[in-house]
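Multiple structures are listed underneath, in structure tokens.
In the two complexes that follow, chain A is the common piece, with chain B as its partner first and chain C second.
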Partner chain A sequence: MKATARRQWAEWLVTLPSFVWLTALFVVPTLLVFAITFRAPTPDGGFGKEWTLTTFWSLGNPNYPAIIWRTIWVSTVATLGCILLATPMGYYLAKADERRRRWVLLLVILPFWTSFLVRIFAWKVLLHPDGFLKHALEWMHLVKPDTTLLYNVWAVLLVMVYTELPFAILPIYAAAEKFDFRLVEAAKDLGCGSFRAFCSVFVPGIRVGLLTAFLMVFIPSLGSYVVPDIVGGPTSEMLGNKIAQRAGPDRNLPHAAGLSAILAVTMLAPLAGYMALRKQGTPGSDLMEKGA
Partner chain B sequence: MRPSRVPAIVTWAVILFFYLPIAVLVVNSFNASRFGGTWEGFSFKWYVKLFQDESIWMALSNTLIVAAGATVCSMVLGTCGAFALHRYAGSKLQKWHYGVIYMPLVLPEILMGLSLLLFFVAVRVQLGLWTIFVAHVTFCLSYVAMTVLARLQDFDYSIVEAAQDLGAGWRVTVLKVLLPMLAPGILAGGLLAFTLSIDDFVISFFVAGPGATTLPIKIYSMIKYGKPPMINALSALLLLVTFLCVLVSQWISHRKGKTGA
Partner chain C sequence: MSEFLEFRDVSKHYGAVKAVDHVSLEVKQGEFFSLLGPSGCGKTTLLRMLGGFEQPDTGRILLDGQDITDLPPYERKVNTIFQSYALFPHLSVWDNIAFGLKVAKRPKAEIKESVEKMLAMIQMEDQAWKKPDQISGGQKQRVAIARALVNKPRVLLLDEPLAALDLKLRQRMLMELDLIHDEVGITFLYVTHDQGEAMSLSDRIAVLRGGKIEQLGTPAKIYEAPRTSFVAAFIGDTNFFDGIVAEPVEKRTGLAGLWPAAQNTDYSQLKVDGLGDVECYNDKKIKEGEYVCLSIRPEKFQISLEKPEERPHMNVIRGTVDDVIYLGSQTKYWVKSGEYRISVVRQHSKFLLDEQPIKWQDEVWLRWHADDGFMLEKYNEQDENLIQLPPEEVGETDQLAIDAAAAAGEVAPAEAGAADGAAGADGTVP
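So, the complex of A and B:
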């Protein structure tokens, strides 16, 4: 009896530092986002003490549905683009020999360790009207001299894929490494073509990795702010830009909180879906392993 | 049947895609031209201008101060938290504890940035370098805890029990047994925390007060409001530093692997 009491005391002692820190500085602030949506802004840039619905109604701004819709479709396309590129890479990495795999993985991780802003800025230089890529494409007669490569939604998509791709490659590679490639051989022996074997044997075999990659790319994409801010324009604004604008130059914190609450709610759907699928998916994959 | 070449082609095309913008940036940093569209001769002038700009050095020192503090703090809190998660796994308290450690890793940065700004305004804290430090500890903590937790998975508790059976008190057990054995995990977590803190822009941008400029905030304002050739030079230097760090750490771990085998 005394031992359990001691054990419990010790548990609280080692749990409290991180638990208290994160409760005070993560849980409480996150709840504040929802609470402050129902406060009025004050002229000094803070928020009032009374509860009000004015901010909540002002979120009905007719521009917002378009921005929310764009945030969702841009994130979806960027995520699918990442997965489309990362899946063959995972296959290649899992089948490559040890030395080559180490090098390719290093080359994939290296950009991840370099400054996020620098990588985005590099694209701004590359896509600039006077930049290298524009000149090269013009020389190949692929674009007209008056086409702008920068400040549109395509530039945002391209750079989002660029910055998020390592987050898709790593989980897909981790799943591919555990995949039993004899299954692909078996399918081919039974007369299946390479592409068909890839789609109907390899892809279902790494579905847990694909799911993780989806989540790892999709959720940060929903909240992206820097990429559309630097390479995007007024026609490619996303929810993140609006939040930053309301919190910064406009200094209307309740409004920024309301938009963030919308972002949080948008994010919950894929997160809940992922949790449900993972719970469901685990016994299935166990069965596969036992069968193999 | 011949194996398909498509995966290899995609892989090397992606690697090219990864490095093309970086290469162009580095080449441009030596371009004498102000706008970088055409090559106007090799020049170091942007590097010279960069070294003469004092505000950049100020921002760099702010960044390093915040990163060092946040790394140490998050290493202590994160290790403690990871230990609790592992040792008392399965209890109700640890389920909640795991939740609050895991969630910051999933949420987009902008949400954390805004929520911390609201919190600091609500408790009437003056924004400054101090608030950036607190914010960085908050997100680094989770990364350290997860890294240490991964190392704890193959940790053998019988060693701790053996130490205690041999008469070691809890202080000796922690200092002489537990910490040395967990050191690689804690250091890996600390390294990750340091890198993330140095590179963080979004969260810092929200909670920075006037005058509290870190290097990413400085780079952002340079990108937004002019001075492109100087950022080329700064970016090239930053890339050089990261590439060297990664190569050295790879070389060390490779050598270790060889001697250990």
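So, the complex of A and C:
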């Protein structure tokens, strides 16, 4: 009895620092951001002491639903693109021999050694109307001379997939490495072709990795600001750009806080879905559902 | 009629290692055929080549007259039970069994009927919606069997299917496998390193070593008449004696009428260091002066406290009991004679307590018939290493070896079963 109590106390003690850290530096600021939404803006870019609902009502601006919608679909497509590319990659990495695997993993991580901003500017150069990629595609007659590759939503998608891909590959690879490839053999033995075996056994086998990859890519994508700012045009603005605009040039901190709150709530949705899925995945509920 | 399943001169190399070295073998329809050998003998490679997971470097594989060597796994009418079962963890028992039929796009009603029939066969109707991680090892094994059999394969491939089970479960699954084979009547190709399993299940066994077939035959043939010392040592227990072949034994024409079996056979004297001359059956016509290895199974010895009477072709030696292991249905003795420590097994067919027991340090006589000793070529150190088992497996294998010996030693199955009970391993089947 006494030993159990002491162990619990010890467990509590070691959890305490991270708990304090999260509360002080994550939960409290988030709640503060929520609260600032209900303060009045001051001309110097700060916020006043009185409470008001003005900002809250102004969030109903008819421009916002379109931007929110674009933020969600661009993030979703970018995430799915990453997962689609990363899954075969994870399969390959898990099957490859040690030497090759180390090299490929190094290549996956290599881009991180270059500044994020530099890499995005590099894309701007590539996609530029006078850029190498544009000329190459033109020479191959794949694009017309008057097509613009830059400053549209497709450029944003392309660069987002490029920047986020490693974050999808790594969790998928981690799951694939633990995957029992004898199951693929078993599926083939039972009549599956290679592709079918891949889809019906490998993909469900790494579903935890896929979910993690989804969250790892989707959540940062929702908040992306730099990519649409540099390679996207005014028609491909995302919520992140609007927040920056409100907080910076517009000097309206409560408004920026309100948009951030919307973004935070949007991010909670997939997390809640993830939790629900995991809960459903536990054996008990599954049994009850099917047995009934 | 050509053979049902045929390996024709099949070879497979991994780098410089010859996993399978020009193996040819034929399996009859409906047969329970085992590939038996130590790890690395090529048995699993052979199985995987039949399953389509490996391509042979040379040779062809034929199934029912059709050359299947180049077919992908999913086009072969064979199914495999993997050593690890390889059940799909994200699917229920029901869906695991239905997997092959769903892939083959069979009608829903047929799938339902077949799966339910299989569930009934493996007696797991009430566990159909459980996931593989919620059922026991033995149940997983049964699901794996059902998942393969539901597709009605021409050949069922079993890759060490019992290796992951504990001893009692293994014995029970052994019986179940046997029943299932009788019930479905399809060809089973069984890969194992456990001679006990192979002996008790198979119609025929191919003993493999270093990618080659060492001996092929019925379990009794392989046990009773091993062709090489490797087979003798790998299958069951045996005693080896080193000796030099001496002159042939004169034919005892005078007794020909009394022992007709001995009339035309050829017996040789064998000089064994420390034991003197012993007489053995020389079917291989081994010439005088050759070094050979004499193999005698423990149960072929008759052990007694009094000197047994002399009979033709009977060898008698004297020794001291070094150890006695009572096993219920039988007793195992270690008898020291000369530099040899001889393993002797004695079946108890009479009520033991009436007899005067043979105790530790007793002077005893061992007697065996010349026909029961096999002269084999000497086996080298490499073989000895192959035969060695990891320490944790020795105990289990001993028990199975005893079972196998009991089965092969013409003991009625009922008696062998009773033996288990007496040995304290009772309650195998609840």
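In the analysis below, the second predicted complex is superposed on the first by the 252 of 292 C-alpha atoms of A that agree within 3 Å, B and C clash if a C-alpha of one lies under 4 Å from a C-alpha of the other, contacts with A are read in each partner's own complex, and residues count from 1 in each chain.
Definition applied: contacts are C-beta pairs under 8 Å (C-beta built on N, C-alpha and C of every residue); 3 or more make two chains touch, one makes a residue touch a chain.
Everything numeric in this text was worked out from a predicted model, so none of it was measured.
Asker: If you stack the two complexes on chain A, which partner ends up touching A:155: first (chain B), second (chain C), both, or neither?
Answerer: A:155 contacts neither chain B nor chain C.
Asker: By residue count, which of the two partners contacts chain A more extensively, chain B or chain C?
Answerer: Touched residues of chain A are more numerous for B.
Asker: Quick check for you: in the superposed arrangement, does A:85 touch first (chain B), second (chain C), both or neither?
Answerer: first
Asker: Contacts for A:217 in the overlay, against chain B (first) and chain C (second): which applies, first, second, both or neither?
Answerer: After superposing on A, A:217 lies clear of both chain B and chain C.
Asker: Of the two partner chains, chain B (first) and chain C (second), which one does A:180 touch, if any: first, second, both, or neither?
Answerer: Touch partner of A:180: chain C, not chain B.
Asker: Just chain B (first), just chain C (second), both, or neither: which does A:188 touch?
Answerer: Both partners.
Asker: Could you say whether A:28 touches chain B, chain C, both of them, or neither, answering first, second, both or neither?
Answerer: In the superposition, A:28 touches chain B alone.
Asker: In the overlaid three-chain picture, which partner chain does A:201 touch, first (chain B) or second (chain C), both, or neither?
Answerer: A:201: touches chain C, not chain B.
Asker: On the A-aligned overlay, A:68 touches which partner chain: chain B = first, chain C = second, or both, or neither?
Answerer: neither
Asker: Both chain B and chain C contact which residues of chain A?
Answerer: 188
Asker: Across the complex, what residues on chain C touch chain A?
Answerer: For this pair, the touching residues of chain C are 51-53, 72-74, 78-80, 82, 84, 86-90, 92, 99-100, 103-104, 129-131, 133-134, 147-148, 151.
Asker: Which residues of chain A touch chain C in their complex?
Answerer: Those residues of chain A that touch chain C are 180, 182-183, 185-193, 196, 201, 204-205, 207, 283, 286-287, 290-291.
Asker: Provide the residue numbers of chain B that touch chain A in the complex, in ascending order.
Answerer: For chain B paired with chain A, touching residues are 1, 3-4, 6-8, 10-11, 14-15, 17-22, 24-25, 28, 35-38, 76-78, 80-81, 83-84, 87-88, 91, 93-94, 96-97, 100-101, 103-104, 106-112, 114-119, 121-122, 134-135, 137-138, 141-142, 145, 195, 199, 201-202, 205-206, 216, 219-220, 223-224, 228, 231-232, 235, 238-239, 242-243, 245-246, 250.
Asker: What residues on chain A touch chain B, complex-wise?
Answerer: 11-12, 14-15, 17-19, 21-23, 25-30, 32-33, 36, 45-47, 85, 88-89, 91-93, 95, 104, 106-111, 113-119, 121-126, 128, 130-132, 135, 162, 165, 188, 194-195, 198, 215, 219-220, 222-226, 230, 240, 243-244, 247, 253, 256-257, 260, 263-264, 267, 271
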